[in-house]
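For reference, the structure is listed below as structure tokens.
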Amino acid sequence: MRKFGVIGVGHVGVTVAYTLVTKGIADELVLIDKDQKRAVAEQLDLQDAQARLDTTTNVKIQDYAELKDADVVFITAGRIKAISESKTGSRWAEFEYTRKIVKDIAPQLKDSGFHGVVIVTMNPCDAITQYLQQETGFDFNKVIATGTFLDTTRMQRVVAEKFGVNSKNVEGYVMGEHGGSQFVAWSTVRVNGRPIQELAELNHLELDYDDLEEQARRGGWYIHQGKGYTSFCIATCAVKLGQAVISDAQLACPVSMLNDKYQTYVGQPAVIGAQGVTATIDPKLTDEEETKLAHSAETIKEKFITM
Amino acid sequence: MRKFGVIGVGHVGVTVAYTLVTKGIADELVLIDKDQKRAVAEQLDLQDAQARLDTTTNVKIQDYAELKDADVVFITAGRIKAISESKTGSRWAEFEYTRKIVKDIAPQLKDSGFHGVVIVTMNPCDAITQYLQQETGFDFNKVIATGTFLDTTRMQRVVAEKFGVNSKNVEGYVMGEHGGSQFVAWSTVRVNGRPIQELAELNHLELDYDDLEEQARRGGWYIHQGKGYTSFCIATCAVKLGQAVISDAQLACPVSMLNDKYQTYVGQPAVIGAQGVTATIDPKLTDEEETKLAHSAETIKEKFITM
Amino acid sequence: MRKFGVIGVGHVGVTVAYTLVTKGIADELVLIDKDQKRAVAEQLDLQDAQARLDTTTNVKIQDYAELKDADVVFITAGRIKAISESKTGSRWAEFEYTRKIVKDIAPQLKDSGFHGVVIVTMNPCDAITQYLQQETGFDFNKVIATGTFLDTTRMQRVVAEKFGVNSKNVEGYVMGEHGGSQFVAWSTVRVNGRPIQELAELNHLELDYDDLEEQARRGGWYIHQGKGYTSFCIATCAVKLGQAVISDAQLACPVSMLNDKYQTYVGQPAVIGAQGVTATIDPKLTDEEETKLAHSAETIKEKFITM
Amino acid sequence: MRKFGVIGVGHVGVTVAYTLVTKGIADELVLIDKDQKRAVAEQLDLQDAQARLDTTTNVKIQDYAELKDADVVFITAGRIKAISESKTGSRWAEFEYTRKIVKDIAPQLKDSGFHGVVIVTMNPCDAITQYLQQETGFDFNKVIATGTFLDTTRMQRVVAEKFGVNSKNVEGYVMGEHGGSQFVAWSTVRVNGRPIQELAELNHLELDYDDLEEQARRGGWYIHQGKGYTSFCIATCAVKLGQAVISDAQLACPVSMLNDKYQTYVGQPAVIGAQGVTATIDPKLTDEEETKLAHSAETIKEKFITM
């Protein structure tokens, strides 16, 4: 029996919950939110839907004790402040707010006896996940975040459009902070199985990498501007990580995790299975990319400490 | 190739869109909204998600001409005014607002050359759907609304909880207005294949039908109170109707459709296939239920005319 | 994590396995067969497929110890002897053969520490399932068979075709033996929510119930004639029961289970959840139907004892 | 509405059909086989299953005229002769047999007015697909075969096991004949985003490429030995191609298609969309690999001509 928890039923949390229910992925689902009325509302809306679905998910709410035997808990709390974000272009403004949330959640999650994998979508993604690991004391490998798994989809989309292919045909990684200092590791990017530069030359396409990167990096911003938050892709990424855990898939994905060298959480590819991160993947970066990764890691660390 | 349109990308519309994409139901999807930025945002969020999904949906926006060869168009426009709704307990407050929307949408939809089935989730559901049929001149059978298909799920949930069974095991219909004058046709309700009253007696369960009905009728209200709108179940119902159309399933579902006897749109069971309503189902109602249906139909007609 | 076992990888067993893998239902799957080469072949074929699927299922073989923590084990062993079946029209010819299989399987399954739910598709379905319960000593509620869940689909199809509706709109039960003495409990059959007779009269349809029943009862025979075995519907039924168990769905389905009154396994509706049968459903049968059920139960008992 | 045809309902054909039905991919499905009884049997088995599925597929049989508006037709005819295959290790023994089938099928398919994409799984895969293109006169891009898309899964599985990762993390191509002269283009193979050799060195793994290739090349043979045919992975590959067509996915996959340089059908990567092959992908091969491709192409051509 597959059991999932979702802490924080805002836009991302409920989209994760809905996906787990509508695709028949979850057998049991526990929703927890500070707003009791909202938790009840989401439970009812999901329970109503069951009469029209082929599968059944038992939806429970507001009970940390139920997380004891959950396989995966998604932590999606944190209200996006679209206005402040658009002004500063930074997710750090949320840190003060989300740290309080984690301070509240962490001991309850720990005390529940939960021993599965935590998947975080909160912001600032890398720092708050590190903070959550600290506060819970859970094994590092079992506390991960979507990080640049989301940003990578945006790079894939932008590159796919440029070459007129499916974004599934674009590989490679956005790495670093899920925020301003992230970067596309272009040396890892391949289209239809070939290095992007090689294929561009073959197709006589001139690529402005800075422009592509800017599109990738700012992708979420456009969505925020239009709808005030992002939900569908981030939830899809989170669920995909959850499925990798539940089926012990050993699936390679960029996630935010502890980087041994830089001693901070940062977005980088890893292998995901039942124990969370089961292996790290060290892509062969150029010196310039390595410098960017170091810089991004430092950015996260510095802000983490000074906040 | 399956092609769907969604006009109005509010909470219901985007949940319909997300469901069509994440479950791989749609090959092409056209989103249309008065808010250009929002349409762009939802398109981007859904496009980003494709890199993590097994299926591919081509998501287009803001082009009525694209609906020409769509199989199904969902009309989900209309911003729920949670506050006014909670005060009046009525969806009629929305009519003035949604009529303007339909006035704007209908000619564009007609001119697009669209000749598929329209599935409406707007409110007040029955009246606005009738108005849409009038304004487009589309065949009655091809213009339907979710109507009491949604309310029926709530009755199913409430009854299922009472008997400790899966809501899929509860049959029967909520009929009439998707609004205050709706009623549970208890004579049609069966649990585990037996009439509800018979099973209640067998199980020495005393049922307060008025209370159960109140729970069913007010179900959506509780959700509105908690989250400001309903989305998951209504989208699930709408998509289920859309799937019945696309696969010409001849599936029996309560929908809002033209009732020949009362000459108004009202919630009642019908058979749904590629042509929309392909047959009506006349459940054998008690005299009291027939009276309630007549009353509900009159309520819709009267308000429709006087608005 | 969802874990399933399949003992016997013939046509039904592998279709169950393929369904669990291709629909992403199983996280772990254990295949066991007397034919080592075949087990290896099916494992490889399913493992090869994973590179093209969105989900991951860990497929193991030939290890009873792996069933210790399985949620559901399907027992699908038994080679259909199409020729003998077509001659005698009876599944009893298989009993001698399948009893030997159960004699071999039961102690190994018991010793594995397995404590989930057993779902049997072997023939003669009712008797062999009872025999398996005896040999394992597992709780009665945890040893069930597809029984007339399969035959009921055939009745649903035949009736649906007669009325031009979707077979999902046809309710009711085929009951008794999954074999010659089974019968359609016509008093339970409803089409589009109305009793079949009532709807037939409304539609001026004359129904030859004996002919419809013959079609339903012989449905499998036609398939056997054409392909030598049946696989798709029986596997679909088995998987549906497995899903009801895994999500503790409390779903009403006809299954073969111990009938308290007749003290034999026989096909009748029940509620299925994590513990297997969690409640029996006693449909209100006519006297004639009750007599048929008694007769069918006696047929099973008698043959069970004399074999 | 998605419409598919399957010509030849042997093991592969029915698994394709079952997949399209059980996953709700097809709205309409047309099965055609020389054995009328078998076609009826498969139709019935799939129709019976619908009562237990959430989706509906209209299954028709034996009518070429129904293919007129089909989007995709799978041609899966041809009875595997397991014994002869195991003796000769070659699929060419089937050519004489399958040519007769194509001779029979091609004019009927052409006359039906079908103008979608043909996906072939027959053997010898490359030659028979070329023959089918000749006989139908359909555009080259619209006549493709699974070719080394299947063999590639086997390479992915073998490499994944060696590195302890998910086969989805292994990229690269098996190219050439779907038969003895195929080869793994090792220079295209990547594990977790890194060239296989690089990762092997990092992990201090010694790789015997010839042995891995032998395992990949002979993968199907082991399955044939155990079950007499292969079905699950080949059907999964065929359906994946069909889905790429139906959603115009522009998905990169190795398929058997006309190679311009060698003027023969041969397995190589291409981009698949609504028009079948919409672009070729020329992986950067080593000289040795290029020689192997030339050799494999010559092998196909030579046998094609001399048969």
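Every chain is named by a letter (A, B, C and D) in the order it is written, and numbering of its residues begins at 1.
Simple rule for what comes next: contacts are C-beta pairs under 8 Å (C-beta built on N, C-alpha and C of every residue); 3 or more make two chains touch, one makes a residue touch a chain.
Molecules present, by chain and UniProt name: A, B, C, D = L-2-hydroxyisocaproate dehydrogenase.
As the structure is a computational prediction, the values presented were derived from the model and not from experiment.
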Chain pair, B-D or A-B, that carries the greater number of C-beta contacts: A-B
Separation of mean Cα positions, chain D and chain B [Å, integer]: 42
Separation of chain A from chain B, taking each centre as the mean of its C-alpha atoms, in whole Å: 33
Of all residues in chain A, the ones touching two or more other chains: 53, 56, 166, 168, 249, 251
Pairwise touch network: line, ring, star, complete, or other: complete
List of chain A residues in touch with chain D within their complex: 53-54, 164-166, 168-169, 171-173, 188, 192-194, 198, 202, 249-252, 269, 271, 281-284
Complex contacts: residues of chain B adjacent to chain A: 14-15, 18-19, 21-23, 35, 37-42, 44-53, 56, 150, 152-154, 156-157, 160, 166-168, 170, 219, 222-227, 230-233, 236-237, 240
Contacting residues of chain A [partner chain C, same complex]: 1-2, 24-25, 27-28, 55-58, 71, 243-244, 246-249, 251, 274
